[in-house]
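For reference, the structure is listed below as structure tokens.
Just so it is clear, A, B, C and D label the chains in written order, and each chain counts residues from 1 on its own.
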Amino acid sequence: MTESLFFVFAAMAIVSALMVILNRNPIYSAVSLVITLFSLAGIFLLLEAYFLAVVQIIIYAGAIMVLFLFVIMLLNPGKEAKFLSPTNPRILIITLLSIAFIGMIFTLVSGTANYIGEAASSTGDLGTTRNIGLTLFTKYLLPFEIASLLLLVSLVGAVLMTKRNLR
Amino acid sequence: MTPPLEYYLWFAALLFVIGVAGVLLRRNVIIVFMSIELMLNAVNVTFIAFSRQMNNIDGQIFVFFVMTLAAAEVAVGLAIIVAMFRNKESINIEDMNLLKW
Amino acid sequence: MLIDIAIIIIKIMIVIGGIITTVAYLILAERKVAGFIQERYGPNRVGLWGLLQPIADGVKTLLKEDITPARANRIIYHLAPAMVLAPALVTFAVVPFGSGIDAFGRHIAFQVADIGIGILFIFAITSIGVYGVVLGGWSSNNKYSLLGGLRSSAQMISYEIALGLSVIGILLLTGSLRLNDIVEAQIGMWNVFRQPVAFLIFLVAVFAETNRLPFDLAESEQELIAGYHIEYSGFKYSMFMLGEYSNIITASALIVTLFFGGWTVPFIDVTKFGYWGAFLSVVSFAVKTGFFLFLYLWVRWTLPRFRYDQLMHLGWKVLLPLALLNLLFTAAWITYA
Amino acid sequence: MVNSTLILVWLIPLFPLIGFLLNGIFGKRLGDKAVGIIGSGAMLFSFVVSGYLLLNYLALNQVGAEFHSTLFSWISVADLQLSVSFQVDSLSLMMAVMVTGVAFLIHVYSIGYMHGDGGFARFFSYMNLFSFMMLVLVLSDNYILMFLGWEGVGLCSYLLIGFWYEDDKNASAGNKAFIVNRIGDFGFLLGALLLFVTFGSFQYSEIFSQLDRFSVGDGTITAITLLLFVGAMGKSAQLPLYVWLPDAMAGPTPVSALIHAATMVTAGVYMVARSSFLYVLAPTSMTVIAVVGVATALFAALIALTQNDIKKVLAYSTISQLGYMFLALGVGAFSAGMFHLLTHAFFKGLMFLAAGSVMHALANEQDMRFMGGLRKKIPKTFITFLIGALAISGIPGLSGFFSKDELLWQAYSSPAGGFWFWLVGAVTAGLTAFYIFRLIFLTFYGEARWKPETHAHESPNKMTLPLIILAFLSVVGGYIGVPALLGGDNRIHYYLEANLAKLPVDAAAHQSHSLEFILMGISVLIAIAAIYLAYVFYVKRRELPELAAAKFKRAYNLSFNKFYVDELYDYLFVKRLITISKWLWNKFDVRVLDGMANGAGKLITVTGWYVRTVQSGLVSGYALSLFIGSLLMIGYYFFR
């Protein structure tokens, strides 16, 4: 069950991720990315990261991607010129490099479990809100606060930069 | 039947490379940004997969922070894109070449 | 096993059927209420008191020509209405609409899915709802619809924060994200009395989230003619309407669940009365939800529309700080009392 | 050590330093009077302190005692531990007293001599700086601090020779002095470094205490001593590096008196004497020194015979006398050399100052052919000059007599000496008496040959008073070293020898008193005969010099043209250097060096031209390189 779900989600994620980078229309790319994020949320659920799965949707799909859409619509860039051409050396190089990267990573990660041991038995409450919250507000309190500062800074920065008249 | 860790890692690597290829191939800054999000998410998958593998919550906390970072990055990045568009009337990454000699 | 699946399917059908029916009559009710408020009759030709009017409307929209603008982005143009409707229906899945009964040797909760992170699930799904509006507005290739879509996206993001923050107070009091837990925690004392400020914020934010007056800038007839669904017609148009009203129903149900005790009946422990008790709880839930549906209509015909800057001002400079203060006080109260 | 007053040794160089700083920084604003007072006052204080210390030292009654006073750590690198520290013993105290005393007198003289000069304050600050450096040189207790003073006096010498730098000739004279001295300094530095390599220290006492492990004639020691002597040759103007000194007379006359007669040029002598413990281990070096010294003495005296410039005569005389001192050092009579150094400082300083007084009287005329008959016009100058001349000629009773005869006797009798040394020395003594009295007669006797409009007048008291004091010292200065032969106890030898090395005494070499008497008599007779000859030549029969010059034309021309040494150097070194330099300039510099510099620039331009395309500003380009980089890193693990 879990395995077949994984394959379904993974296939969805991969296909839609490919759509993200291959679509010439940015809106399609954005929508494809939303689908990828949803699939990832599903995979998170399979990995017992319940809280993160939901947060993935709320933050990524609900906020970040809406922002992307907003900007795309605001700027309305239109379709990009045709960029995929097998004769273009740049694209050839990038494709080859990517294949090399994938090949090496695949070989390298194979047998990772041999190093770090078999999967620990599931306790069922690994990624619950309670657990995440407890860890976040005890062990990772300082990073959490710093992250909030980061968000504040980026907020101010974003407002400043998009403001037309800085006065 | 839970899929083994390798599956998740392979999947994440694939997603990551797709993101990389997007960054390198595309000329639209917004798409490039989205590809970066793809890469971030691929990393998140590995984090969570390892977290599950070791039954350790820390990996998920990292994912939480990555998301925070992504949110901040997108906010600032999109603001830059908007400001750039106002100046150059373009979101083609090749027009954003002020950072040179 | 088979029975479980059957039960789930039945529950889904009941919820969807209930919502669709409610939507149909909500539209009628809206017209009636509008007539009442404006001292006129409203629809009264089809059937007794115009009760068959929704069926007539449905048939009409189904039979209307479905126009697709020539320069529209076809795929997304067709997808958008579904993207509005689906989240609205899905959200209701986690709302408990009754106490539940014991049948077939098992406890059947009156709730499609009882998940531990219910409230988060709701936020997740409602945050998706904006896509339909935005993409619909964009794909129509009409500047009014595009503006409507843009407004809608900004508005949703802005009010979602206040919405989420206002709920956190309740979560702090309850200590759980499960909606059933939240409902059961309100036996004896509704949250609205414990969190009045949160309720106000939630109410206002939820109005904005559902794009209802006084926050319906995405479709505001006077400036954008009809906003994001200006180019839609026929069945797709009715799907937008369906989605909007489903959202209203879900929102009302949510308000009831979070602040007004959900399916509980004041002073009566419905779980002790078996099937009748369950029935009573459903009625209680329906009555409360009905009141808020009426409130929606009432407000629509009472308050004028906000200007866009006023909308943003209210969201960011009033509701957000207020929600934060409320959260702060709640946290302090829980910590020190 | 116990005696706390000797710790005050640092005060001696301190006063000139303060004077230098005051005059150097505020000189222009202080006014000439204050500048003169500060400059001379600093030297007076310094002199008083050194005199006081000398008295204290003598009062200790500890012959050969050494005191060290460390001021602060100077250089501390790995094994090299250097501190600024001074050594007080009879040698350094004698030098300090001599330097400060003579310097004080010359400072006072300068107030008068430099009166009205535009660079009055500059002059005094340089003079103070020079005194400071000289005192550092003589008081230092290690070779590096000595080298600091050594270079410092060289610098001041350069600055003061070219004091009137508006005149190109003066500036190039300064250059010449500086460059020739560089050769010597290079030798000194090499020697000092070799010392450090050999002994692991620069400090005299530490070096000398390790000398037990070296036998006489050791190669390293010989090399060190020869290198050090190269330094001394430069600074003390010995053959073949003497050429700078005559030109150095371009500087103001007090400078010539102080630096180029009394003090700085004796630094080489002092240094060799200071290193006497090393030199006694290197007989070869000793012989070299003695030969160079005696050759220089004779050579310079021959040149002095025919020179017409009053200061040039004195300059060659100085070279000659320095040669004497090195002769003494070379034969192992270190104390005799130092004694002559002391008396020479008195009478040569005196004669320079007197010559300056003459020039002052004749509006800076330096050519003796345009002098004459000044005896009556400037009597004080004349008498003092005469005393100096008698002293240098070795007339009995004056200081020069004692030191010179001690020196000549040692040259003959010392185990390292010999008859030929004595003979050349004695001949040189005769030549000295002759040219110095030639100078006297040409300047003060006969008819006046100066321009009639020149108003010859006696110098002011500020100038004549130092002359008188120095004349007094020239007379009595020798009595601290009256040899036992004449009933004295030779105190200066007694004290100096305790701090100097002695040659291993060969009992058989002991000479009889009668021989000493005879030699003394011979040299005195030579001197008197020479004076008489000069009288005949330049007073009685004025036509004789020209006749002689005509008769020995080639010899005369050789002497008059200073044996063409300058021309030889010019031909051997300067011309070659210019040729090489021109070649270097035209070929090496323009093509290779400029080519390299320009090529480097061009290379960077071209490289930059290509490399900057990498810096395209295109984000995807950067991203691609980032990706390739990460790929390489992963590849490392993959293919490892």
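Please note the rule applied: a residue touches a chain if its C-beta (ideal position, glycine included) is under 8 Å from a C-beta of that chain, and two chains touch if they have at least 3 such contacts.
All values derive from a computational prediction rather than experimental measurement.
By number of C-beta pairs in contact, A-B leads over the other of A-B and A-D.
Relative to the whole-protein C-alpha centroid, the nearest chain centroid is that of B.
Per-chain CA centroids place subunit B at a distance of 33 Å from subunit C. The distance from the centre of subunit A to the centre of subunit B, with each centre set as the mean of the Cα atoms, comes to 6 Å.
Subunit D has its Cα centroid 109 Å from the Cα centroid of subunit C. Between subunit A and subunit D, the centres computed from C-alpha atoms are 86 Å apart.
Each of the following residues of subunit A touches two or more other chains: 51, 55, 63, 67, 74, 94, 101, 105. Among the residues of subunit C, none is found touching two or more other chains.
Touching of two or more other chains is recorded for residues 20, 24, 27 of subunit B. Applying the touch criterion to all chain pairs gives A-B, A-C, A-D, B-D. Contacts from subunit B toward subunit D in the complex involve residues 20, 23-24, 27, 32, 93-94, 96-101.
Contacts from subunit A toward subunit D in the complex involve residues 94, 97, 100-101, 104-105, 107-108. In the complex of the two chains, the subunit A residues touching subunit B come out as 1-3, 6-7, 10, 13-14, 17-18, 20-21, 26, 29-30, 33, 36-37, 40, 43-44, 46-49, 51-52, 55-56, 59-60, 63-64, 67-68, 71-72, 74-75, 77, 80-81, 83-84, 91, 94-95, 98, 101-102, 105-106, 109-113, 116-117, 119-123, 126-127, 131-132, 135-136, 139-140, 143, 147, 150-151, 153-155, 157-162, 164. Taken together, the subunit B residues at the contact with subunit A in this complex read 1-11, 13-15, 17-22, 24-28, 30-31, 33-35, 37-38, 41, 44-45, 48-55, 57-58, 60-61, 63-65, 67-76, 78-83, 85-86, 91.
The residues of subunit C lying in touch with subunit A in their complex are 73, 75-76, 116-117, 120-121, 123-125, 127-128, 130-131, 134-135, 138-139, 146, 149-150, 153-154, 156-157, 160, 177.
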